[in-house]
Structure formats: structure tokens, C-alpha cells
Amino acid sequence: MIKQKLRDRIHEIIFEADTPAGKLFDVVLLVLIILSVLTVMLESSEDWSAQYGRVFFLLEWAFTFLFTLEYLLRLYTTRKPLSYALSFYGIIDLLAILPSFLSFFFAGTQYFVVVRVIRLLRVFRIFKLGIYLSEGDQLRKAIIASRNKITVFLFTVALLVIIIGSIMYLVEGGQNDGFSSIPRAVYWAIVTLTTVGYGDITPQSDLGQFLSAMVMILGYAIIAVPTGIVTSEMVKDGRKKEVSTQVCRFCAREGHDKDARYCKYCGSLLNAENPPIA
Amino acid sequence: MIKQKLRDRIHEIIFEADTPAGKLFDVVLLVLIILSVLTVMLESSEDWSAQYGRVFFLLEWAFTFLFTLEYLLRLYTTRKPLSYALSFYGIIDLLAILPSFLSFFFAGTQYFVVVRVIRLLRVFRIFKLGIYLSEGDQLRKAIIASRNKITVFLFTVALLVIIIGSIMYLVEGGQNDGFSSIPRAVYWAIVTLTTVGYGDITPQSDLGQFLSAMVMILGYAIIAVPTGIVTSEMVKDGRKKEVSTQVCRFCAREGHDKDARYCKYCGSLLNAENPPIA
Amino acid sequence: MIKQKLRDRIHEIIFEADTPAGKLFDVVLLVLIILSVLTVMLESSEDWSAQYGRVFFLLEWAFTFLFTLEYLLRLYTTRKPLSYALSFYGIIDLLAILPSFLSFFFAGTQYFVVVRVIRLLRVFRIFKLGIYLSEGDQLRKAIIASRNKITVFLFTVALLVIIIGSIMYLVEGGQNDGFSSIPRAVYWAIVTLTTVGYGDITPQSDLGQFLSAMVMILGYAIIAVPTGIVTSEMVKDGRKKEVSTQVCRFCAREGHDKDARYCKYCGSLLNAENPPIA
Amino acid sequence: MIKQKLRDRIHEIIFEADTPAGKLFDVVLLVLIILSVLTVMLESSEDWSAQYGRVFFLLEWAFTFLFTLEYLLRLYTTRKPLSYALSFYGIIDLLAILPSFLSFFFAGTQYFVVVRVIRLLRVFRIFKLGIYLSEGDQLRKAIIASRNKITVFLFTVALLVIIIGSIMYLVEGGQNDGFSSIPRAVYWAIVTLTTVGYGDITPQSDLGQFLSAMVMILGYAIIAVPTGIVTSEMVKDGRKKEVSTQVCRFCAREGHDKDARYCKYCGSLLNAENPPIA
């Protein structure tokens, strides 16, 4: 009984965020995740690695120990260990500690080490409970609502860059190393159309520069399209929210203005506690 | 009779997409087009061409054979072969197979080969029947509705870049190879105003850098214009769609709000199956 | 009398565009202006100049002759020659021909020659009468309506780039030639914040790259501001135009919906020729 | 008494802007601030410094003298000198003069000198009283209203660039100096995603270029998000302002349409001076 109670208490701290202890746990976990990712990032730099290699090594094992402890506690306190272990966050939690152990057996494997960066995805779990949920939701909804439009747009862009790339390959291909193949010319077309413009591949001939200028002005015009899509979704969403959530007590209809006092469908008083002033 | 029936059946499969066989045909065709364009793209790369040249050659002839077969079937099954052959898609279909045959007679002609990329345009035929039609339509409508505004905008931009280019040619022309002629300076102005910023041509003098900075801030301000045009069209379009498609039975007028119960023109009940509750 | 009539007739052709002859004149003038500017642009290129220098010279004098003739005709046919000569377009018209004559006396002066590009501004006169007027007007109104907001925005950006530039000068100044003075660092800040990103000046130190990344993300966020300003003006403008221009015959009020039949202020029938159906 | 009156008079001139003298003071101060910042900027350039070093030195001390005089007057005339000295603008005013005096004692300290650029922040004090206040306020409100959305967005971008950077470090790290560590690869990811695109670090391998192209198209799509956020806030704000500021005399409620004649809450006539016409 007491053991079960302790388990439930730990479960509440680890999985929920509505107790002070639960909130503290989330903040500590957030700091640990960010610190551990910073460690991975700095460790990859040769300068830092040469100087603080030993510190990074110790820190890494400290983080791995703490995350392993947390993983085991999660497994222990949850009622359904298996379904947790196979859930999205369960797998992320495992991937957060596995690379360190694997690098123990297969020494020097750079690739495993970098996988530790996916620890960052664990941050989403913490934010799932935060105040930012609804905001993120709104953004996600606006993007989902305009999904089809974005697909059509991306498809058109894909077509465009392949055709532009092929033309530029014909125009510049012979005398310009940057346009040595169509895939490379398509890469150039994407760099140009998205206005990134590295400048690692640039047209040299007069005709090539003229065509590029056309492509840039085209990109100028069509960059407006995804913005227009997302913005109009958001404006529409904003309009919806100006309607109150009140339901008429007589005809049970919604959709009244926020400051409406009488039902616009049947004319009855909307809110008895809040009667009209006059 | 049976022959005509077979012809109609093939016509339905090839030209329409509302039967299972027709849908399957479209999917197979889509995959073939994408694979054949990928082949053209990779073949243009010297590395890939050297290694898999033989495979590409065989694949190319396989695609050409299939597309030729399709073209002949389209010609055979359609009631008006000539009007098909001279239609937009008829010409695209011919251009999709012609380059391979021409490269047989005029060996090594790189130019003919690249023309095969226009096979991609055939993809539009398939999408014409897809679910994305209405979305694409909406985008197209928003762009068409703002066509005049975009023309004025592009014209102003053209004027601007020629004047900016001429000024920069005077300022930087002497000491900077990048600004050796006005057309080149105009190319630089377009690269800068569209925020692509390759960096292949950059101002070197103090005055030139000052003027460039002004141009960039100008570009910052006017990039807002096409976005504003397209977005406001889309917002307007979105507002229109909030109106219901109901038609009044008495005065036959449309344009009622989605939650309206009574006709706003003649006052009669809009929908008998869905009477007001009170 | 006949002379005056001829003068009026020429005036109508040259200054107006509502007769067939006037329209033709505008089109011919437009083509001449574009060709003459193209000549100036190509002439500035050494390759073209070396090859077709003689042709350009002759073309230039042909254009100058025609524009001079036009200028004299304008002076002759207008009722107030002085007020025309001192008007904006009068000065532009003079500047369009002056450089050629000046280059006759002061041979080889590159600067005079380029001034001929301002001939392009004459194109605006033609478009003043075109169908694109109202569209351009709308754009201009949206920009004028948001003028104050844009001023505040540009002022804030100016402040920002000076402060960012000064910080980067401190951070990178010593070891990086690109940040050798604050004005140059401010130039870099503008290149970065506007997302142009030439790459002629880039941060080299770790701290410099970190700060640059912050500046870029800041630029990402504030590029939204001018777009938001212009777009919201355009959306507001679009909303206004959905209201009809009808005026009630009884209470003389405007602002009715496009499909309204009864005045929303006094209830009288709005349009007698177009009575309600029921 | 007279002394106090003089103090109040000076206070009015220095701190307020509603008298002619106060306005003149603000304009003079604005010009002095801009000139002094220009001096700092040009002084940092070696060319200018070598040529006009003496002029800059004298100008700098003239500005410092004037700003010191102004600071002392502010301290003297205000009723609460300490609370002014510790206020935001009090500290800025002190920081505007301190570096010059410090550079007197610690000669050659470049760092102190640049701090003088923060004099620019004093400009905000002047604008606080200007006509642009409400416009700036609107922009600020739109940004504050979308603060949470922008936080979520920036957080997602931060996550994205770390993950993209880590992947690119794995792909390009070995053979490409630009991707020598994860922080540097993250810097590249930010440069790319924000479409700045310096080109100081660019992918070299085929896989790297393919992934970069994906990142760019992703950046193309998500640059729409902050624009959408700010724009929809501004459109919402614009809609709010179409409501009149009229208050009903009977029920004291606001929020009426600009053309409303009767209170929409209690039905009484809204404006006695402006009665309905019919």
C-alpha cells in the first residue's frame, strides 16, 4: 500500500505538472536537457574538446546517469510500462540515453554521439503542459488548415525549379563549373528562388544573368503566396474567436457576438446573471 | 462494335480517372514521369553518367517506348485525333518522346536531351483530375484577381532597378569590375532588391555601400507590397466563403449568412426542414 | 484660325490619349523610350560598345532628334509654354534630350550620358492615362495610409543597425578586416537584417557568429512588421470597397451593403428601378 | 521665488515639448545627438580618423560639454533629482557623457568610446512626446499581443536549427571546414533558414546540397508564420478601430458601429445633436 502510494506520488511528480514538486521537476529536467545538448554541441568543436574534453566526458556521464534514473523511474511508476516504452516519448527517452552506453562499447563512433541531440525533443513533453499549448495549437491549426494549399504550392515550386534548373544547365553548363549537372542547377534554382542566395554558384554569362534576374523577380512574387495562405487562415481564425461561446438557454444556439444580450435567433435574454442595464 | 467498345474502354482508362483502372493508370503514369525526369537529371551529372551510363540509356529507351505506346493509344482511342494532337497536352505528349528519337539520328545533342524535362508538364494533366484542383484554383484566382496590381508593382520595380543600376554604375563603375556596365549593375540591383544577395558583385566604395544600404532598406519596405496584394485577395476570398450557398425559395436570392433562418431580402423562412426552434 | 486648330489637334494627340491618334502616339513614344534606354544600357557595356559603337551613336542621335521634335511641339502647342517648361514632366522632357547635346560639346563625359536613363521617368506620363491608374492609386494609398507606421519602423531599424554595428565593431573589429569601422559594421548589419546577406563581410569569431545568428533571427521576426502594416491597410481598403456607393433618397445616407434593398437607417426602399422580388 | 520660477521655466523647456521653446530645445537636442553619433561612427574609420582626428576630438568635447550642461540642468530643475538620476533616461543621460570623461583618464580605450553610441537611445525620449507616439504604440501592441505566438515560433526555430545543424555536421563535417563543429553548423542553419545566405559556409557534397535545398524550402514555408502572426493581429486591431468611441447616455455602454444612431443595448437615441434624418 505505502509502496503503491509512493509510486503514485513519484508518478505525479514525473508525469504531471500541477503540483509544486511536479513543476520543480519539469524546470530541473528542462535545465538538464538544455545543458546536456549544449555539452554535445561544444564537445563537437575541436577547440573546446581539446581543452575541456575531460569535463565534457564527466558531464556527459552525469547527464546519462540522471536521465537513466528518470527513465527507470518512469518505467517503474507508470501502470502500463510497455505502452509507455513503446510510446513516442518513451522511445525518445530511451534514445536520449542509449547513445552514451553504445559509445561505451563502440568507442569513437561520432555518429552515435550526435544522436544525443534528439534529447531536445524531450523538451516538447514539458511544454505540452505549459501555458504555451494553446498558442502552439493555433499555429498548428493554421498550418494544418492550409496544408492542401501548401502542398499545391510546394509541388508547383518543385516543378518550377526543375525546369529553371534544366534551362540554366543548358545556358551556363558548358563554361560554368557551378552548373555542371541538372541536380546542381536545380540546387542553384532553389537557393535563388528562396532568396537565400549563397553565391557559391552564380551565373557568369549575360544570358544566364538575365534569366537569373527573371527568376529572382518571380521568386519575389511567389514568396507572397505561402505568406498569404497562412495569414488568411490566421485572420479567419481571429474572426471566429470574436464570437462568444455563450449558448442561448431557450433555443440552444451559439455564435452570438461577445457583447450580445439577446439571442439573435429567438430574441430571449441570453444571460440572466448579467441583465441589460436600461 | 466490339472494337469500338474496346476503344471506348481504353479511352476511359487513359483520359479519365473515375474508374479504378483509370486511377491506377494515372498513378503508374505519374511514377513513370517522375522516374524518367530523375533519369534525365542524374544522366546530366558526369559522375553518375560515367558509372551508370548504360543503365540510363536502357531506362531512357524503356520510358520512351512506354510513352510512345501511350501516345499512340491516345491518338487511336480519341474521336478527334487531330484536335488532340494539336491540343496543349497533345503537343507536350509528343515533345516528351520526340527528343529521344531525334537524339538517335543526331547523336550527342545535349540540347535535345534536356528537352525531355518538359515531360514534367504532363504531371499537370494528372493533377487536373485530383483533389487538389480546387485549392490550386483558389491560389490561381487570388493571383489572377491581383494581376493588375502585380503588373504595376513589377513595372515600378523594373523602373527602380534600372535607375538604381545606372546610379551605381556611375558610383562604382570605374574601380569595381562587378559594375562594368549598366546591365550588370541592374543585375546587381535585382539581386539586392529581392534580398537574394549572391555577393558575386558587391559595392566597394563608401558611397556605394551607403547607397546599397538604402536600396536594401527600400527593398525591405517594398517586399511587403506583393505579400499585401496576395494576402488581401485571399482574406477577401475567405470572407466570401463564410456566406452560405442557400437560396431563398420565394425570392431566389443568395448571399445569406450561414446561420440565417429568414431571407434577408423578402423575410420568408429560408429552410423548411430546419425551422427556428423557439 | 486654321493654325490654332492644327495646334489644338496636335495638342490633343500629344497630351491626351482618348483619340485613336493620341493612343497611337503614346504607344510609339513608349516604344521609343524603352528602345532609347536599352541603347544607353547596352552602350555602357564595353563588349557591345566596341562592336556596335557606330550603331549606338546613330540610334542615339535619332532618338534625340525625335524627342527634341516632340519637346518643341509640346512647347508650341500648349497654351502656357513656360508653365509646361517648369512643370515636373517639362523638366524631365528637357533632361531627356539635354545630355546628348551636352556630350556634343563636352566629349567623353560618361556622367552626362547616363543621365539619359531618366528618360524612363517619362513612361509615367503615359501610364498616368492608362488603365493601371486606379491599381497604382490603391497601392499608393495603402502606402500613404501606413506612412507614419513605416517611418517609425524605419527609424527603429536605423537605431537598431547602428547599435548592432557598434557592438559587432567591438567584437570583430580587431581581427576582421570587414568590421574595420563602425559605418562598415552598420553596412554589414543592414545587409544581414534585410536578409540580403552578400557574404562580403562575415563574422569570424565564435562570439561574432553567435551575435550574428541572434541578429538574423531578430530580422526574421521584424521583417513581418512592414508586411503586416501594408497588408492590414490593404485588407481594410478591401473591406471598405464591399460597401455599395448607393445613397438613400429619403435620408441621403451612404454605407449600405451591396445587396441591401432597404435603407438601414430609415427603412425606405433604396432603389425604385430594382424593387424587391417578393 | 524668482529662482524657483526660473527653475520651473527651465524644467518646462527641457522636459516638456508643449511650448515653442520646449519644441526648439527638442529639435536642437535631436540634431546634437545625431551629429555626435555620426562623429563617433566616422571617428572609428581609420581614413577619417587620420585626416580629421583633431576636428573629431574638438567636436566630441563640445558635445560632451553640452550634454553635461544639459544633464546638470535636468538634475537641478527636477523636483526629485535622485529618482531622475536612477530612472531609465537618467542613466542613459549619464552614460552619454561618462565615456568621454573616462577616456580622459584611461587614454586610448576604444571600448569606452564606442559606448557613446548609446546616446542614440536618448532620441526615444524626444519621440515619446512626438506625433509618432500612437503609431509606435500600435506596432508595439501588435507585437505584444502576438508575444506568446512569437515565443513558441522562436522556440520551434531554435529546436529546428539545432537538429538541422547536427545532421549537417554528420553529413558534411568530415570533408568541409565550414561544418567543423555543431555550433558552426547551427550558425549555418540559421544563416540558411532566415534566407540571409552569406555563402561563407556552403554544403559541398551532393547529399549536403540536397538537404540544404530541403531546409531552404522549409524556411520558405515557415517565414510565412511570423508574418501571419503580426499581420492577423494588425488586421484584428484595424477591425476594432472601426467601432466608434460613442458612449450611450442611458446605459453608458460602448462598442457601437460608427454609423449607429440607436444604442444596440438599450435602444435609446445615441446622439441628440445628430438625430436621424427621416
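Going in written order, the chains are labelled A, B, C and D, and every chain counts its residues from 1.
We adopt the following convention: a residue touches a chain if its C-beta (ideal position, glycine included) is under 8 Å from a C-beta of that chain, and two chains touch if they have at least 3 such contacts.
Predicted model only: the values in this text are computed from it and were never measured.
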item	value
Self-contact between copies subunit B and subunit C, residue sets same or different by half	different
Listed pair (B-D, B-C or A-C) duplicating the C-D contact set, over half by residue number	B-C
Approximate Å spacing (C-alpha centroids) for the pair subunit A, subunit C	40
Distance from the mean Cα position of subunit D to that of subunit A, given in whole angstrom	28
Sequence positions of subunit D contacting 2 or more other chains	183-184, 186, 195-199, 223, 227, 229, 231, 233, 235
Touching residues on subunit C, where the partner in the complex is subunit A	195-199, 227, 231, 235
Interface residues, subunit D side, partner subunit C - complex	37, 40-42, 44-46, 48, 110-111, 114, 117-118, 120-121, 123, 127, 131-132, 135-136, 138-139, 142-143, 150, 154, 157, 183-184, 186-187, 190-191, 194-200, 223, 226-227, 229-231, 233-235, 237-238, 259, 261, 276-278
Footprint of subunit C on subunit B - complex, ascending	148-149, 151-153, 155-156, 159, 162-163, 166, 169-170, 173, 180-184, 186, 192, 195-199, 202, 206, 209-210, 212-213, 216-217, 219-221, 223-225, 227-229, 231-233, 235-236, 250-253, 255, 265-268
